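In this document, chain identifiers A, B, C and D correspond to the written order of the chains, with residue numbering beginning at 1 in each.
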Amino acid sequence: MDKKHKVSDLQSHTGVEVMRCYQCGKCTAGCVLASDMNYPPSYLMRLLQTGTKENYDKILHSNSIWLCLNCENCLGRCPMEIDIPKMMDYLRTRSISENKMHPDSKPIIAFHRSFLDSIKHTGRLYEVGLIAAFKSRTFRFAQDLNIAPMMYLKGKLHLLPEKIKDRRHMKRIFAQTIENAKTETK
Amino acid sequence: MKIGFYPGCSLTGSSREYNESVVAVAKALEIDLVELKDWNCCGATAAHSMNEELSLSLPARIMALAEEQGLKEIVVPCAACYNRLKVTQHELEDQPKRNRVAEILQMPYKGDLKIINVLQLLEAYGTENIKARITQPFAHKVACYYGCLLVRPHAILKFDRVEDPQSMDALIQVIGGTTMDWAFKTECCGGGFSVSRTDLVVKLSGNILKDASDRGAEALIVACPMCQSNLDMRRGAINKTLDSPIDIPVIYITQAIGLALGIGAKELGLKRHFVTVEL
Amino acid sequence: MSSNTDFEPKIIAFVCNWCTYAGADLTGTSRLKYATNVKIVRFPCTGRIDFLLLLKSFAQGADGIIVSGCHPNDCHYTSGNFHARRRWIAFRSILDLMGVDIRRIQYSWVSAAEGSKWADLVNHTVADIRSLGPYQEYQKIADYLEKGGYHGED
Amino acid sequence: MSKIGVFICHCGENISATVDVERVAREVGGMEGVAHAIDYKYMCSDPGQTFIKEAVKKYNLDGVVVGACSPRMHEPTFRRACAEAGLNPYLCEMANLREHCSWVHEKSEETTEKAIDLVKMLVQKVKKNKPLDSIKVPVTKRALVIGGGIAGIQASLDIANTGHKVILVERDPSIGGHMSQLSETFPTLDCSQCILTPRMVEVAQHPNIKLYTYAELESLEGFIGNFTAKIRLKAKSVDYSTCTGCGACIQKCPVKKIPSEFNAGLGTRTAIYVPFPQAVPNKPVIDRVNCNYYKRGACKICEKTCQVGSIQWDREDEIVTEEVGAVVLATGFDVKGADFFPEYGYGKYKDVLTGLQFERMASASGPTFGEIRRPSDGVIPKKIVFIACAGSRDPAKGIPYCSKICCMYTAKHAMLYQHKVHDGESTVFYMDIRAGGKNYEEFVRRAIEEDTVNYVRGRVARVYEKDGKLIVKGVDTLLGGQQVEIEADMVVLATAGVANCGSEQLAQKLHVSYDPYHFFAEAHPKLKPVETNTAGIFLAGACQAPKDIPETVGMASGAAVKVAALFSNDELVREPLVAVVNRLAPPLYSTCVGCFMCETACPYNAIEHEDIRGRDGSLIKTIAKVNEGLCQGCGTCVAFCRSKSIDIQGYTHEQVYAEVMSLLND
């Protein structure tokens, strides 16, 4: 009944036609993180091809979509030119909106959120603020304690953020996009 | 020669030496870099992992600003920013997406800005010009590391060849260096996982360093701040996973060219590296 | 337009011998039923069809016309159907400009294996033309032809 | 006034069950110009045909309309009957009352009325019909075969054995083609050269075959039965009438490092060379691009060596003209080189070979005398990886089709390797195993089960070199996508089979169509696999699509039979449904204004130019003329002609117009 429903949703959002995949496995063969994933990319394609909700949920719950680095080696070599990275972007947003994130995603999402927060407020990346926010999100206070002072000594860390002038513009962009999406899904 | 310049966040922070070397080399080659006013972050991996519209709007603002400031062409040294801008420009060829982004930005966007990376800037400037100004040939055997974002997706970037690219190798050869055929030219270093999944970055960057080192590279040459920081700042963690530590430096193409042009190490930011540069 | 239920449109089909004529034969051997309003005129190829003949047909009282040949790349004569299609695209805009109701011309491809497609094509064309009603503005075309646009049987 | 006879068939009850046939006959009988109208149970039966014949004579009919089944069914029958009664067969037309009327409508008034309309339409048409005569064209009983691989060899021998002359043209210095490069052949593992060489010799010695090697088709003009071929004989620089083929010149030639085409680049050859020892003809040619004398003007060592003075430095290309009646295209295929694959190293790794290179290496006559050795260092590889579908089934690389032969030759290669290197390990990465064919599946199973070839289902993402090994990054999709990394000594790519270089240009010279991949197109994918859409030109072998040896030989014999059938007639008879340009009395001569739009429209190049001259020989005008031999009667020219000067017999403006008007003015 709702068979293929999610898959067609994916196609309309990303233009990726999962049925084009003929399971040659070349994406997996060249993926640098395939062995760390619950489902390597070609296997994930097969799960999508079944079109069942059960398999779709498996994907949304998996760490595969979070470990994908979007390095695009798979797309570069895919004989059918299937845009797996684009699909991964979409699956990540679905996983968040359906609240099905794999535990492995926590630090990754925390990092992304801290990163975006920084941009929202200053327009540019404030690395010290990013690290502080990331640590408070993940409770990883001890991480990178050894490299931070070194970075400071090498002149790589600014203690104060750089700010753009039109910060209101940034806020508006965020309000119209990611924050808008959040309220929609709630 | 006058050209727009978008440094991006990394170049003002953790990768200042890239900025310094780009500026120094441009000055030496008499290229006038005009920095984009009031530029913002491109959103990097975070934005397109989290929200598509945001990931398009942030780069679109940068390009709209450039258009507004009358720039026809901008050089984007950071490979990640270069990639985001190029991909966004491609995505916005789709009219509904373009309309939506224009609505979010409240700014006009034409989409005809020419976006180039540092290698293209140096190529365009002409290898002959660089050759003519060499004072100290860069006589080193090095491995050119391109990473992901400079060459993929090939269909959109249309830069160099997708496997085994050559443009950086050609520049190194111009300044008297020796390049090598090695296996990890375009394999991913772990990119944006530097902080969130350091373990994976250590594994992937370790593979890259090991192959280059095994083949006798004296240095890795890069054109991406993310690659540089993973391969350089994470070296301590990487070396812990290896049988024997690797101490070859990771330098930017602009630093290598700067050295050949006789620019001082300090001016090129070579003192800022974690792994000591002795070239 | 609701009063057209008892209107029986006159429709002529200009078809090629190799694909659509044979496809219509297959409709017959498959005993599929369709409306009697359409009568087939056989051509060697849609490439042979002079589109001015279509105008002449309207001028003489046709309510609708079907042009159908081989699918692209399947033309018995390699490229006749491409020529026909190209001419049709050009011709359609001229017709439109002249004020001819181009909805009354159905351009289609039916292969020798598509018996049921032929039946569908006939039935929906008949239904469409029926809802459009009798073609009464044909006089315009007749006038145009009078002015020397076309000399039928030369 | 016309005297038309109308004959309405009941077709048993097939027509009469829904159509009131008597009323049809009655109403049509009342038409102006209809002299006779009847209905009968089976018009196609013997008595039915007799009715027609008798009526033709009795009423002196000048036109016949049979209202019965589809003309695609019985038009020839009724036209023949008319001809037998002395009426020109093209004055007989059929109204399709069965397929287009009785079978597709219910019994009703409307159905009968439609039947009446259809018959009336044909009556109006037949009034405008003109008697036509069949077109007869003579046949030159000599065939041109282009390409001297196994397809061309087989076709030539088969045609020659029917007693007809054959001209065989081969681009290279020797016939033999790809088959002569192969080591053993699947699924029998018999030696390719052993079975091919005798046929090559037979070609050379056959009294009916004229062989032109080192030659290419320059142009082909004419039409079925009457082609004129111009053939360029490339300068061999050696006089074959005196050359004894002793080979002394080859021994002494100082230019020795030219990659050998025959050995797929693995071995080398000299500038004066015979491609391989069993070549036919076994005499050398000079490769002028690489010869020192042609490059720098000095050397001539071969001339000094030659005992019989056969070297001809100033020999030029020669064009010969041959009249032929049929052409067989057998130009074969090519394979992609390793440089086509970025992910497998752009061809920069010496030990990444193509299947054809491996074939040469496995061949006893090859550069390693049949031993499998790495080109880089001559070491026998202990681990070898075969990659199937290299380029094939890869839309991103522009080759979406399956190359068909790779599954089988890859199994053969792995098997040969295991037979030659007993302690070696071989792995085949494959997507699907396509082993349809007699004893093919059994052959692949033997490779897997008896010769322990390791088959892994998955594609290889990349190959790179490290420490003298080739690192192959593959995957086993049957294990849920487990990565497989192999440190191989050699990698063999089963590279895609593609159309031969120059096939597009050749197709344009011959006016045959080709597919998007430049393989020649057959006339019908099922029922006319060896014909092209140009009458008289046939296809054999892999120039049409990749195929294996048995299929190629079968197709070549099929093409030969088509040629022989064509040559079994002294004249060709064709339906006269062709285009004609009108001719009028002087001073107009024709309404044709010579714009030649028809020429651009014609897919068959059937439009010729004809000069009309006055009595004094001065040119009055140039008009179009239709070559009846080439015209296939599509009529596209008719729609293109602005001055309505060209018309198509059987579907003239007058006839079609009469039909349409009949339908509308009742």
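Here is the rule we use: a contact is a pair of C-beta atoms (placed from the backbone, for glycine too) under 8 Å apart; a residue touches a chain by one contact, two chains touch by 3 or more.
Just so it is clear, the structure is predicted and the values come from calculations on it, not from any experiment.
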item: Chain pair, C-D or B-D, that carries the greater number of C-beta contacts; value: C-D
item: Gap in Å, rounded to a whole number, between the CA centres of subunit D and subunit C; value: 35
item: Centre distance in Å when subunit A and subunit D are each reduced to the mean of their C-alpha atoms; value: 53
item: Distance from the mean Cα position of subunit C to that of subunit A, given in whole angstrom; value: 55
item: Sequence positions of subunit A contacting 2 or more other chains; value: 73, 81
item: Per-residue overlap in subunit B, given as positions that touch at least 2 other chains; value: 162-163
item: Subunit C, residues touching no fewer than two other chains; value: none
item: Chain-to-chain touches, reported pairwise for every pair that qualifies; value: A-B, A-D, B-D, C-D
item: In the complex, subunit B residues that touch subunit A; value: 9-10, 12-16, 38-41, 43-55, 57-58, 61, 103-106, 148, 152-155, 162-163, 186-188, 190-193, 195-198, 200, 204, 233, 236, 271-274
item: List of subunit D residues in touch with subunit C within their complex; value: 70-72, 96, 98-100, 103-106, 108, 110-111, 113-114, 117-118, 121, 513, 533, 577, 601, 603-604, 632-636, 638-640, 644, 648, 650-651, 653-654, 656-661, 663-665
item: Subunit B to subunit D touching residues, read off their complex; value: 161-164, 181, 183, 211, 214
item: List of subunit C residues in touch with subunit D within their complex; value: 8, 10, 12, 17, 21-22, 24-25, 27-29, 31-34, 36, 39-45, 47-51, 53, 56-57, 60-62, 76-80, 83-84, 87, 119, 151-154
item: Contacting residues of subunit D [partner subunit A, same complex]; value: 343, 389, 393-397, 431, 457-462, 473-477, 480-484
